[in-house]
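Order of writing sets the chain letters: A, B, C, D, E and F. Residues in each chain are counted from 1.
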Amino acid sequence: MILRIDRIQTEMPPPSDPDPAGAAVVQELLGGKFGEMSTFMNYTFQSFNFRARQGARPFFDLVSNIAAEEFGHIELVSTAINTMLTGSAGKNDLPDPADVLNPQHFVAGGAGTLVQDSNGKPWNGDYVTSTGDLVEDLTHNFFLETGARNGKLKVYEMVDHPAARALTGYLLVRGGVHQVAYARAVERLTGADLSKLFPAPRIPTDKIPECKPHIERGEHLKLYRFSPSDYHELAAVFNGPHPETGDELQVVDEPPEGFVPYDLPAEEGVFAPDYAPEEIAEIARKLREKAGLSDEPTGVVADES
Amino acid sequence: MILRIDRIQTEMPPPSDPDPAGAAVVQELLGGKFGEMSTFMNYTFQSFNFRARQGARPFFDLVSNIAAEEFGHIELVSTAINTMLTGSAGKNDLPDPADVLNPQHFVAGGAGTLVQDSNGKPWNGDYVTSTGDLVEDLTHNFFLETGARNGKLKVYEMVDHPAARALTGYLLVRGGVHQVAYARAVERLTGADLSKLFPAPRIPTDKIPECKPHIERGEHLKLYRFSPSDYHELAAVFNGPHPETGDELQVVDEPPEGFVPYDLPAEEGVFAPDYAPEEIAEIARKLREKAGLSDEPTGVVADES
Amino acid sequence: MILRIDRIQTEMPPPSDPDPAGAAVVQELLGGKFGEMSTFMNYTFQSFNFRARQGARPFFDLVSNIAAEEFGHIELVSTAINTMLTGSAGKNDLPDPADVLNPQHFVAGGAGTLVQDSNGKPWNGDYVTSTGDLVEDLTHNFFLETGARNGKLKVYEMVDHPAARALTGYLLVRGGVHQVAYARAVERLTGADLSKLFPAPRIPTDKIPECKPHIERGEHLKLYRFSPSDYHELAAVFNGPHPETGDELQVVDEPPEGFVPYDLPAEEGVFAPDYAPEEIAEIARKLREKAGLSDEPTGVVADES
Amino acid sequence: MILRIDRIQTEMPPPSDPDPAGAAVVQELLGGKFGEMSTFMNYTFQSFNFRARQGARPFFDLVSNIAAEEFGHIELVSTAINTMLTGSAGKNDLPDPADVLNPQHFVAGGAGTLVQDSNGKPWNGDYVTSTGDLVEDLTHNFFLETGARNGKLKVYEMVDHPAARALTGYLLVRGGVHQVAYARAVERLTGADLSKLFPAPRIPTDKIPECKPHIERGEHLKLYRFSPSDYHELAAVFNGPHPETGDELQVVDEPPEGFVPYDLPAEEGVFAPDYAPEEIAEIARKLREKAGLSDEPTGVVADES
Amino acid sequence: MILRIDRIQTEMPPPSDPDPAGAAVVQELLGGKFGEMSTFMNYTFQSFNFRARQGARPFFDLVSNIAAEEFGHIELVSTAINTMLTGSAGKNDLPDPADVLNPQHFVAGGAGTLVQDSNGKPWNGDYVTSTGDLVEDLTHNFFLETGARNGKLKVYEMVDHPAARALTGYLLVRGGVHQVAYARAVERLTGADLSKLFPAPRIPTDKIPECKPHIERGEHLKLYRFSPSDYHELAAVFNGPHPETGDELQVVDEPPEGFVPYDLPAEEGVFAPDYAPEEIAEIARKLREKAGLSDEPTGVVADES
Amino acid sequence: MILRIDRIQTEMPPPSDPDPAGAAVVQELLGGKFGEMSTFMNYTFQSFNFRARQGARPFFDLVSNIAAEEFGHIELVSTAINTMLTGSAGKNDLPDPADVLNPQHFVAGGAGTLVQDSNGKPWNGDYVTSTGDLVEDLTHNFFLETGARNGKLKVYEMVDHPAARALTGYLLVRGGVHQVAYARAVERLTGADLSKLFPAPRIPTDKIPECKPHIERGEHLKLYRFSPSDYHELAAVFNGPHPETGDELQVVDEPPEGFVPYDLPAEEGVFAPDYAPEEIAEIARKLREKAGLSDEPTGVVADES
C-alpha cells in the first residue's frame, strides 16, 4: 500500500520558453528502457514477487523502499516534460508540425507527458526483470541504474531547457545513490567489491553544475526511508563508505520534505483541462461550498508571480 | 511523492494447491488493457499532467487519490498470482510444459508475477489515456472501470482458486467504488445523471459470495483518503447516494488499516530467492547484527502455521 | 458481406502545396488509438461477435451500419494524407530527411498512407474492444467517439493544409452523429440520460468554419443506412432530439451519394505507380481493348483542370 | 464507400460441440501475418493509395474489388471462431484454464473473435505492404495469397471442428482465385508466365473433400464484382485459362447471393450480450413498437431447430 | 564479414519422441530477452558500433569474437527445437490443439523454430543494448550472460527431452565462459574484482550431469578464436584464473571442430519441405547432374540408422 | 557455425559532414521490414529449419550461403549509419533536438546504429517467414529481395550523404544478385520463367552512377561461396543467363577479399567509447604488453589521413 503526498522531490523551475522538441527527448527518461518507469516498475514488482522475504529482509526492505522513491522520479520527469510543453499549445497557437518530434504530445495528449520513450514507443512490461533470484535481480538493478545514469547524462548534454537541467541534475545525484545501494547489496551477498566500477559512466557527478547544490547538501550519500512504519532493515545494507568520495553513507529515517510544484497553466489549444477552464473553476468552487469545504482551493502550489 | 506501507489492502489466503494455469488467467487483471496496471497508470499520469489543477482541485484530488489506492491493487493481484504459483516450482519439481499456459512464469520469472496479460503480452503505455481534457479523461476513467469490472467478473467465473476468489471478491467492491466516483465526477462537471448505468455489467455485486463480507463492512460506499496531508477536496465530488443501493457515499479520512501478507516460501526450483535460501538468511542475520539492528527480522508477516 | 462504391463520402480539395510533416500528423486520425481504423474495426468486430442478435436487433443494426460508414472514413483520411503528400516525391526531388516526420511515407510507402499513428506506430488489434456485453460495448463506443472527436479537433488546430481541414470539418460532423447514436443506444438500454455530456470536448461543432456547410445540410442529424437491404431497425434507436440542438434525429434510408475523388498523380521519385507510369497506361489500354472494353478508362475521377 | 449486406459468403454449420483450443488455432486465419485481416487491409490500403489510377484502371479495379470480397472473409473466419466457442461459456460453466489456449476469448472477449493470431498477438499495420510500385505490390499480393493458402491448409489439417472445415474448404477455393488473379495481373504487366507456380503449396485444391462442392459449382474460376456500379475493368485482367485446370476464368457481374448466418446464442457466463439477455430482447421489442416497426425482429437468421 | 561452416558446435541427439510443448518452452532460449538472439545481436551490434576500436582493440576483439560464437548458439537452439518437433506433423497427424503451447509451430512454421520467446512473442531489437560506452556495454554483457545462465538452468529443470538437455548442458558451459570473459573485461578496465560473483545463479555448473562431459574436456576454460585471421587481442583480456575453479583460462587459436548435424526428416503434414519431398530430391539430382556435380548430395549429415 | 573476418564487403568513404537526419532514414535498410536484418534472419532461420536438406541440397546450400553474405550487409548498413553520425556528438556539442529524427541515436545509443527502422521501431522476429515449404519460402525470398530493392532505391533518392550513396550503390548490385538467385531457384523447382519480372522496380541498376563501378567488375553476376568447406551445390541452381543482361551467372568459389574499415573516431559527447578514450587506449596497451602481444594494436583499419 502507499500514501501519496502532493509535493515533488526537488525544486523545479517555473515554465519559461516552450521546447517541444526537447520535451520529446526527455521522454527517454520516462519511458525508455532505462527510464524511470523501468526503475520504478522493476523494483516494485521485485518487491511484490520477493519470496522468503523474512529471511532476506534487509534486501527486501532496500528494494521496496527504493521503489517508493522511484514513484517520485516518474513524477519529476513528467513535471519537466509538462513544464517544457507549457506555452506551446495556446488557443489557435499550436506548433508547426515540422517543429515537433512527438506529435502525440498535442494530438493525443494535452501538452502532457506520454508513457513513451524519445521515439514515441510506449514503455512496456518487457522492461521489467524479476527473476526471483536475489543475486541476479540485484545485479540487474545495479546495471539498470548504470544504464539510467548514462541516459541522464546524455539527455543533460542534448537538452538545455532549464527544466531538463534541473531534472537531470537532481536525478543524477539520486540515481547515483541507488546505483551505490545495489552495488553494496551485491557486495553484501557475494563478497565482491564493486567500488572500482564507480563512476559509470566515468564522469564524476560533481563535475556537473546542476548536480553540485544537491551534492553540497549531501544528497549523494543519503537513502531516505519512504515509509511511516516499515523498511528499517535497509540500514543493514546501505552503509559504509561511498565508493567515489569515501564519505559514509547515511540512512535518513524519514522522507525528504519535498517541494511545492507549480500549477502549470491551461493549454486551451489542446483543451487541457478544457477550452474554457474558468467554467471548471466555477463548478469546483460551488462543489467545495456545497461540501462545506473552504471557499478557496486547499491545495498548495508554487506562486509563479 | 509516496510513502509505502508493508501491508496489503485485504486479507489473502495462505498458499494452497498450486494452480499455474489459473495464475496465467489472473494475469489479465494485472497487465490486461483493463487490468490494474492500466487503472494505476492512467490515474497516476492524469494527475501528473493535470493543468490548472488549483481551479479544478476537487477533481485533481479525486484522481490523484484513487491513483494511490490502485498501487495497492497491483500489489494484490501480484499477491494472488504468487500465491497460486507457490508450490509449483520445488527442487526438481517444475510443472510439465503441457500443463502451463504461461511458461515464462517459470523460465523467465521465479514463480512470480509478470507485467503481462493472460496471453503473455506485456502491458504497455498505450493503455494510458491522458488527453488533458477533464471531461474526456473522467469519462474514460468511468469506462475503464466498467471494463475492469467486466474482467474481474469473468476471471471470477473462470478461476476458482481461493486466492483468485479472494482477490476478485475484494477488487469488485473497490473497483465499483471507483466506477461510482468517476460517474459522480462526470455528473458534477456536466449535469448528466449516470446512476442508471449501474451496475455495469448488469450483475449486482452483492450477488457474489466473496463480495458480501466487504459490502457488509460498507466497503462499497467508502473512499479512503490515501494521504497523510492532501487530497481533501475529493469530498466535494464523492458524495450523495450510491447509484445502486441509495446509501450515502462516505469519505474516510485515512487509509484502511490493511492486512499483513504471508511470506510466500522459496521456490528453489526456480532459484527464488536462491537455490539455497538459508544462506541468504544467514547473511541477513549477520548484516542486521553488524548494523546494530534486532537479531530477528523486523518485518511483520502472517503466520502460516 | 460488403459492396464497394468508387466514391468518397465528402468533397476533398485537389492537391496543392505538399505538406509531409502535416501528413504525418494526420496519420493519428488513421491509425491512432482513437483513429478511424479503431472505430471501423471496433464496430465491425462487435457486429461479427454479436450474440443473440435477433433479440437485440435494433442495437445490432445500429452497430453494423455505423461500421459500414466507418470504412468510408478510413478512405477519407487516406485521401487527405495522400493529397498532402502529392508533389513531395517527384523525380530526383524527395524531401530533405530533416523536413519530414515520418520517413516511411517515402522509403517504405509510395508517398502514401501507412497503417500507423502520428508517431509511426502501427495500428494494432489491441485497440479493438469487443467484450460481448452490450451495455459495456456501447458505453465503450460512446467513449471511443469522444476520444475520436478530441483527436479530430486537435488535428484541426495543428494542421492547416486544405485537405486536412476539409477532412476534419467533415469527420467532426459525422463522428458527432455516431457519438450521439451510441449515447442514445446506452440511454435506450439503461434509462440514463447522457444528453448533458454533449458536446465533448466542450466546443460546439458549429463554431468550426469547415463544419458549417455540413451542418447547414443537416449532416449532423442524419444516420444513413449503408445497405441495399438490411439494418432497418437502427431507426428504433436513433431518434429523438439531438442533445445539442434539439433538432430531431433522422434516419436516411439510403447511403449518401458521395463524391468523385481526384486521381492523384504519379510520384515517380518513389515509383508510384512506376518510374514510367505511361508504360502502365499503355498496357492497360491494350488490355481493355483485348477484353472488348471501352478504349478510355471507365472509372470516374474529378477533373483537376 | 461501402454498403453492407447482412449475409455471409458461404454456408456455415450450426454450433455443435464447443472447441476453445481449436478456435484459438483458427485465429491464425484472422489475425496472423497471412490471415484475412492482412489480405483485406493490404488490398484496401493499396486501393486507397493507388496513384494515377485512371491510367492503370484495370489493375486498380482488380485490387479494389478483391478488397471488398476480403471483408467477407474476416466475417467468415469470425463466424467460424464464434461458432466453435459457442457452448463454452454458459452460466457457471466456463472452461478450465488448463483446457484453453487463448484465455482472452473468455476474460477479455465474450466468447468471441479477437483481432489476434493463434498466439494471441494482435494483428498490426506492419502487415500491410503498400509501396505504391504497382509491379511490386501485385507481386507481394501473389505471395501473400500463397502464404495465406499455406496457412489455410495447415489449419485444415490441425483443426477438425465442422466450422473450421467448412471455413477452410471455402477459403481455400476463394483464396485460390485471388492467387490466380494476382499472378495474372503480374503476367499482364510484365509478360512473365507464372502458371507453373500453381498450385502453391503443391497440393491440388480438389483433393480436399470440403473444397469439392465449391469447385463443382465453379467457384474456383469466378471473380465476382462486389459493386453496384464500379470496378468493371477487372475483366481486362482476370481472363484466360486457369493455371491448374485450364478452364476459362470468369467475371461474374454481381456479388454472390450469400447465405443467412445462424444467430449464435447468448453465452451468459461471459455476459454476451448480457447476463440476462431476455431483458434486452424486451427493451428491443418496445423500441421497435415505439418506432413503428414490426413487432418481430426484421433480420433474417438461419433456423437452428 | 563471415564465413559459414555446415556443422554445429556440439553433438545433438537424433530425433526421438516429439515434444511440442517442451519445444515451445525451449523457444525462450532462442527469442527471449535473455535468449541467444539477444546475446548474438548485442555483441554483433556492439562490435559494429565500436568507436576508436584501435585504441581499445583487446576489448573490440573479445566482443567481436564472442559474437561469432553466438551465431552457433542460435543454430543449436534451433536444432534442439526442430529435433523436438520432429515426428509431430506427419501426414494427417498433427497434434491436437489442446496439446500444444505454440500453435504457430504448425500453422505458421513448418514444425520449425520461430524467432519468438516461450510465450510466442517475437524477439525484437529493443533487446539490444549498445550504448557505445565501453564500461557500460561490458557490464551489460556480464549481466546479460547472468540472465542467460538463469534461463538455461530453468529450461533445463522444466524440459527433460534429450535434445533440450543436450542443448542446455552445452550452453551452460559455453555461456559460463562468456560470463567469465565479460567479467574479466570489466575487471581489466576498472580494476574491480568480480570473481566472487560466480557462479550466478549460485549453482555450480559441474553439478549438472549434462555439463560434466564438456567440463571434463575443459570447455569451461577455453575461448575459441572464430576467425581465420583476426581478433588475436582477445588473449590480452581473457586470461588468468577461472573464478570458480582457479584453472587458467585458455585462448584456443582456432574454432572448435564441430559436429555433423542430423538431417531432420520431412514433416509432410506441414509441407516441410513439401507434401511430396521426393519430387524435390529428384529435381535436385537432375540439377546436380546438369551442373556437373556429383550424383549424390555433397553435404555431410549424421547417420540416423 | 561461422568464422568472422574483420573486413567489410565494399569500400566505404571516411566520415565527412555528419548527417543525423539522413542516418535515421538509412535505418530503414537495417531494421525495416525489407531491411538487411530481415534478409539475414529469414535466410538464416530457413537454413536452420530446412528439413530433408540432403534431398534438396542445392537449395539448402543456396539459402545457407546467401544468409552468410547478408551478415556482411547488416555490417555495411551499420557502417554507413555510424559514418553519418560521426562528428555529431562531440564534447558539449550534441545536435539540437529539433534537427534529429531519431533521438535515441544520442540518448540511448552512442552515435551508433540501432536495431530499428526509419521510424525508430525495433526490428522484430515477425519479419521472418520460415514456413518450411520450399517453394513458398523461395517465392517469399524473391519477393523480399524485390521489396528490399525498392527500399534501397528510395533511400538512394532521399539521402545523398556519400556514405549512404556508397552503401546503396553496392547493396543494389548485390541484392540484385540475390533477387536473381531466388528467382532462378523458383524456376528450377517449378519450371516457371520469372526472367521478365526483372528489373523490379523497373529501373535498371546500371542507370545508377554509384552502381556502375560494381557492375563493371561483374559484381551483378557473381555469387560468392562464403564458406571454407561447404555449400558447393549452390552452383546447381545459380547458373544460366542473367535475366536483364543475358550474361552468364558465375559462382565464385571463395568469398570476396573485402575492404578495411575506417576506425571511426570517439564521440565523447555520448561517451563512445568513453568520455576519456585515451585512458582506455593506455589500459589496452598495458594488457597487450602483459599478454606478450605486440606493442601496437594488431587490427588493420583504414587510414583517414
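The rule we apply is simple: a contact is a pair of C-beta atoms (placed from the backbone, for glycine too) under 8 Å apart; a residue touches a chain by one contact, two chains touch by 3 or more.
If you're wondering where the values come from, they're calculated on a predicted model, not measured in any experiment.
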| item | value |
| --- | --- |
| Chains in simultaneous contact with chain D and chain F | C, E |
| Chains in simultaneous contact with chain B and chain F | A, C, D, E |
| Between chain B and its twin chain E, rotation from the CA superposition, multiple of 5 degrees | 120 |
| Most remote chain, CA-based centroid, reference being chain C | E |
| Most distant chain from chain D, judged by the mean position of its C-alpha atoms | A |
| Between chain C and chain A, distance of the C-alpha-averaged centres to the nearest whole Å | 40 |
| Residue list for chain C, restricted to those that touch at least two other chains | 33, 101, 108, 116, 119-122, 126, 131, 133, 135-136, 150, 201-202, 270-271, 274 |
| Full enumeration of touching chain pairs | A-B, A-C, A-E, A-F, B-C, B-D, B-E, C-D, C-F, D-E, D-F, E-F |
| Residues of chain B that touch chain E when the two form their complex | 92, 94-98, 100, 102-104, 106-108, 116, 119-122, 269-271, 274-276, 279 |
| Chain E-touching residues of chain D, taken from the complex the two chains share | 19, 21-22, 24-25, 28, 32-34, 99, 101, 117-121, 150-151, 153-155, 157-159, 201-203 |
| Chain B partner contacts - residues on chain A that touch it in the complex | 1-9, 31, 37, 41, 44-45, 48-61, 64-65, 67-68, 71-72, 74-75, 78-79, 82, 108-116, 122-126, 128, 130-136, 188-189, 226-233, 235-237, 239, 255, 258, 263-267, 270-274, 277-278, 280-281, 283-284, 287-288, 290-291, 293, 297-299, 301 |
| Residues of chain C touching chain B in the complex | 33, 121, 126, 129, 131, 133, 135-136, 139-140, 143, 146-147, 150, 186, 190-197, 200-202 |
